[in-house]
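Across the two complexes that follow, subunit A remains constant while its partner is subunit B and subsequently subunit C.
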Partner chain A sequence: MTAKKLIRHETILALLVIVALFVLDRQSDRFFTVDNLFNQGRLMTEVGLIALIMTFVIVTGGIDLSVGSIVGMTAIVLGVFWKNLGLPLPLAILLALAVGTFAGFVNGIIITRFRVPALIATLGTLALYRGIAEGISQARSVRGYPEWFFVLGQGSVLGVPTQLWILGLVALLSAVALAYTTWGRTTYAIGSNEVAARFSGLGVDATKIAIYAASGFAAALAAVIFVSRVSTTRSDMGTGLELDAITAVVLGGTSIFGGRGTVVGTILGLILIQALKNGLSLAGVKSDGTVVLIGAVLILTILVSNLFHRDANR
Partner chain B sequence: MTPPVMPPVTSPVTPLVSLAGVSKSFAGVRVLKDVDFDVLPGEVHALLGENGAGKSTLIKVIAGVHAPDGGTITIGERELAAVTPRDAVEGGIATVYQELLLFPELSVAENVFLGHAPTRGLGRLDWTQMRRRARQLLDSLDSHDLDVDAKVGTLSVANRQRVEIAKALSQNARVLIMDEPTAALADADVRRLMDVVRRLRARGVGIVYVSHKLPEIFELADRVTVLRDGALIGTKPIAEVTEQSLVAMMVGREIDHLFPKPEPAIRETVLKVEGLACGDRFRDVSFELRRGEILGMAGLVGSGRTEVALTIFGITPATAGTIELEGRPVAITSPRHACDLGIAYVPEDRGLQGLVRPMTIAQNVSMASLRKVATGIFIRFADEALRAAASIKQLGTRARGPDQVVGQLSGGNQQKVVLGKWLETNPRILIMDEPTRGIDVGAKSEIHALMGRLAQEGMAILMISSELPEVLGMSDRVLVMHAGRLVAAIDRADANPESVGAAMAGAAAQEAA
Partner chain C sequence: MAAPDLHAAPDFHPKRSLAARIVSAYGQEIVIAAAIVALFVVVSTINPRFLGTNNLNTIIAGNAYIAVAAIGMSMVIITGQIDVSVGALIGVLATISGNLAVSGAPVWIAWIAPVFIGAAISGVTGALVAYGRLPSIVVTLGMLSILKGGLVSVTGGAWINHLPPAFQLAQQRWLGLPVPIWFMVALTLLAFLWMRNTAFGRSLYAIGGNPEAARAAGIPVERRIVQTFMIHGAFAGIATMIFATQLRVIQSTVPPNLELTIITASVIGGVSILGGTGTVIGSTLAAILFAAIGSAMIFVNVSAYWLRAVIGFLILVTVLVDMARRNREFRQ
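On to the complex of A and B.
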């Protein structure tokens, strides 16, 4: 049964996370403090939201490279709608979310209707959406957001950073959706054998479009939180975020060929990466060294998990 | 009809290649059983058989792609247990595959001499000589119009094929294997290709010619070998066979009593198809399917049988004609739509279209009826497992349980899972495309028994099959497709190997035309 094999990857990952946390704790007495951990949670939220939905995208055998650009585009849309067009900020937020969802929907249409491979379609929109962001912003940044808006990115609710509540909620919803619902089952079926899924009467295209639209929504939500956290809007926001998200998903055991992966794995992947980044910098390791180590951990984890898979598969 | 340039050569000549008792299995399935085959110099030896009969495996054994499990292969004087690609090249064996293996960005001359180009010392290519010799080779194939400097990617399929043949000749091929060379060609190009084949034969090249098209075989071949289910059915001089006898050899003549067919209880019409067409795949197809009936659909590969099924199931929506379901006209636009209308399709390609092999039996069985095991969007896993267990029991699937991964099951049990998946949807119409292909005899008769039972309970079944015994044994009526048209509808009483075979070979089509 597939679940057993998946749990195996996640077990390895969970052990790795515990070891990493333990080792990092010995390196610096500032690592295991509530303040530091919550702060890391804030930093992790944007890439986390994107990675959660990216898990669905990759489980279908697809990829979404445009999410970083959607972050940039929706951040600009938010700023321009509020500052230049004078719309109320809550309305501008809703419009930004709608624009992001639509951008993802467009990805889905290109991929399903015109049969363009996801890699190429979203590589195209990666450039397109970033270009739109830069075109609108004309290199000007937007500042001066009202105080209440910063609650989202800098404030706390019941002692926990606001965006961690959001991340937790999205994580819970996506974990349940992927593991326990007909949508999740369809997602796995598409990734394992799209033809058979279609021949079984599953709504293959509709599901894929919905997933890419959700990916765009997640990117837009990340953008709003991002703007709130750094109090400013710039068109280069989110550059490269797609690769961080994909790294977390793949580290979490999702097969890049589709059909395999869990939300729990992605969450563990996110935690491991963020812990390594933060812990190593606190321990005085330079950031280029950290990047090298994350790359090595990614490859090693996949290698180890493949060793187990080889005998389990077929 | 042009007479052969050389009369058929008979036994005293030493064969260029001969195979004796060659067997080959893939993953426990025997695809070649004790096959003898030989190619003489200056003959066209046609190789015939339905899909999955073992033709491709046989030519790959000769070309050195697959090593056989048993038997010997003699190339010239050398007796080998297995041919390596190198042996094949040294022995002068060249293959022109269906999917041409050329480099589209290189010129014709470069492609012809790839790997053995003439050089001028220090490894520099001798372009002048390469182009001159490529020109000579193409001229010898009567292809004076083909530019040796043209990029292969810009050529038509027919011209690319000539380049492949020139390439084979540049390696001094004495045996040329051609795998369905005319499958993608227009009529005029087919004629030219046949001229080329005759020229090569006149030069003493032995040609193995794989094709589904019987008229070509009668025009070209000196001898014909028929394979069925991996076994040699016979090798005969072309003068001793007719189209009908070849069809009978391909699909099997004898009707065993393996078909437990209960008395049918045929009731009202469920499906009425009129003037149905889908692009140029098939056209003008009209028939009725009734409750309690098993309607067989026969025809050679490429006659449009599967295409009709795909259209009724909504994969390739119809471009003309009407489909009526219980008297209501419907436009079926997607498999999902077909599913909702109560149409089920057990596809031809089990691994690709029928199953999600890395998933479990339970997940596959519920796939077409997920809504039945879900509350809202939430899957009731226990319920799903119970239904799968019931399906396993009902169909006699040999499996460890609902949690077993489908990819681990044997062909027959995989087919039962596909069937179980569709029975979960309670379909009104069950279309089965090659329901027992690649399945062992036991599972085969179980599936036949089940089909009989389902029909008796009132299901309408459309069964597409390449196996004539199956068609004749199971069907209440037989439809026959030929070249994209429905050419005959034969009642059970009148259906016999001769009548159905003749229609498959297109006899009725000529009368109608």
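On to the complex of A and C.
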């Protein structure tokens, strides 16, 4: 029955994506061009990487509000390690990824060892990590990165934007991990009933810590790509990204209460949001108008999917 | 069964002394109050000007709107819900209020309109949560987008200037005290007593503690949730009344991170995010504590850029101390 429910939501969403693409194609002949689609892929990558791992977080019944701040903090760490401490850029990138993973690990420790609800723990680290970014940077930005670094965010490999390869790889890995591994099944078990999962002998705490660390890593990876794409580092990078990522995940049918959701759904959610943003701006609607529409689509999709649910339950 | 005890948080140890019971029921409020006192003692030793009347006014009156909004937020969180759209709502209401004032409407209408519009908008949110059976975080995430995008696409982020002087409610004083402080103190006390002593107020705790049990006890859970959201919207409107009138301009955008500041004040004030416990006295004290920390950093010459890091660190310490206290009580 669970499978049936999942298919239902994702079918609705897939239909919605197709309708949206069709309508947007009719609105503008520039929409379905390779250039435009690749460009949209670039814009989607940062929030996409975060949303993919956020799917795991939300499936366990948790939430990670600190990802946007981790983006800001790791971007600053990258810039400071490279520019102010004079480390080689590849090493600075590795250190930034390590700092992001550690930040996520700290979230995991606070949530599992101290039993702090994820919403509060990451609300605290949202302020803390952003604060560290602001404190270190003192509102100075870092510029002047070497040319080769821009390959990541602005270049292409085999004709496809570099970061889309990364996004595709992470998407594939997370889809397989969630659907086909014992680790993924543990993730669902925690979200459905954490106490039962614990009594079944599953490594609940270890799994949760690993998921939050992965979330931090994804945010750091997004930060590196972000810096490469815009050629600069600022402490306010990634502000509000957590809400965009959560919107994509929830739109993708993952239950905010945990235990239900798929990576495919999240990808559809991401595509729908990005297509709406792009298509409407091509059709001349201002970006703020698009934000309104995304909010309405979020509420309506969940409402419709809920109605189907109740029918299914009867 | 013992007679129902009137403390906001249930006390399972009636044999303990009164002091022990107060500490147990209002532990978080006491911790925050102590933190405020400690902060004032330490900072004023380093720099006595911290205790100047002007500075105290800036700290408390300037942030009273956060405390007022946190009252409504606390009620929502106590029923087990959340509202991440409140910052956007306050932005929208401030713009409506400012435009009314500029267009020549009587100032009292410009003051009162946000209260009713806020209640109406939050009522819609509440209805979607209660009757649409949608998780409040999802609905309010959607509302956040709708309000924020709607506001900027209508106004283009333009500033509202030339507000009539009579509109500046927050700059007035009654009996020598700035109006925002009167609002904050009176509303906090009224809300605290109302939630503690009326059947309606206590039903909020019951719903947050266990919705099914509340339903079985005859509480109309859906209607209460819609009403709670409406009250919360009205508090956001009152917060707007003092927020929009404290400066000579209103910026028609959403104040950044305002919703997180408000939620944080509630949660640090001891309102459990799981619902069912906490008081608005705690959330108001927490709002004052945050404002005082921000000001204190300037007085002890710490770069303001570290403010958010300090607040984040304090949030985590407060939460960890609170969890440790609860776990210890649980074990006793």
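FYI, the second predicted complex is superposed on the first by the 312 of 314 C-alpha atoms of A that agree within 3 Å, B and C clash if a C-alpha of one lies under 4 Å from a C-alpha of the other, contacts with A are read in each partner's own complex, and residues count from 1 in each chain.
Quick note on the criterion: a residue touches a chain if its C-beta (ideal position, glycine included) is under 8 Å from a C-beta of that chain, and two chains touch if they have at least 3 such contacts.
Note that the coordinates shown come from a computational prediction; the quantities given were computed from them, not determined experimentally.
**Student:** Thinking of the overlay built on chain A, is A:Ile294 touched by subunit B (first), by subunit C (second), by both, or by neither?
**Tutor:** second
**Student:** Quick one: is A:Gly259 in contact with subunit B, with subunit C, with both, or with neither? Answer first, second, both or neither.
**Tutor:** The answer is first: A:Gly259 touches subunit B but not subunit C.
**Student:** Name the contact category of A:Thr247: first (subunit B only), second (subunit C only), both, or neither.
**Tutor:** The second partner, subunit C, only.
**Student:** So in the superposed three-chain picture, is A:Tyr188 touching just subunit B, just subunit C, both, or none of them (first/second/both/neither)?
**Tutor:** Touch partner of A:Tyr188: subunit B, not subunit C.
**Student:** Should A:Ser281 be classified as contacting the first partner (subunit B), the second (subunit C), both, or neither?
**Tutor:** neither
**Student:** Which partner does A:Gly203 contact after superposing on A: first (subunit B), second (subunit C), both, neither?
**Tutor:** first
**Student:** Identify which of subunit B and subunit C touches the larger number of residues of subunit A.
**Tutor:** C
**Student:** Touch check for A:Thr125: first (subunit B), second (subunit C), both, or neither?
**Tutor:** In the superposed model, A:Thr125 contacts subunit C only, not subunit B.
**Student:** Please identify the positions on subunit A that touch both subunit B and subunit C, taking each partner from its own complex.
**Tutor:** none
**Student:** Quick check: in the complex, which residue numbers of subunit A touch subunit C?
**Tutor:** Per the touch definition, subunit A meets subunit C at residues 63, 110, 114-117, 119-121, 123-132, 134-135, 137-139, 239, 243, 246-247, 250, 256-257, 286, 288-296, 298-299, 302-303, 306.
**Student:** Under the touch definition given earlier, write down the residues of subunit C that touch subunit A in their complex.
**Tutor:** 82, 84, 128, 132-135, 137-139, 141-153, 256, 260, 263-264, 267, 273-274, 303, 305-313, 315-316, 319-320, 323-324, 327
**Student:** So in the complex, the part of subunit B that touches subunit A is made up of which residues?
**Tutor:** 313, 315, 335-336, 338-340, 345, 347, 352-360, 363, 367-368, 370-371, 374, 377-379, 403-405, 407-408, 421, 425
**Student:** Residue numbers of subunit A touching subunit B in their complex, please.
**Tutor:** 1-2, 177, 180-183, 185-186, 188-189, 192-193, 195-203, 259-260, 314
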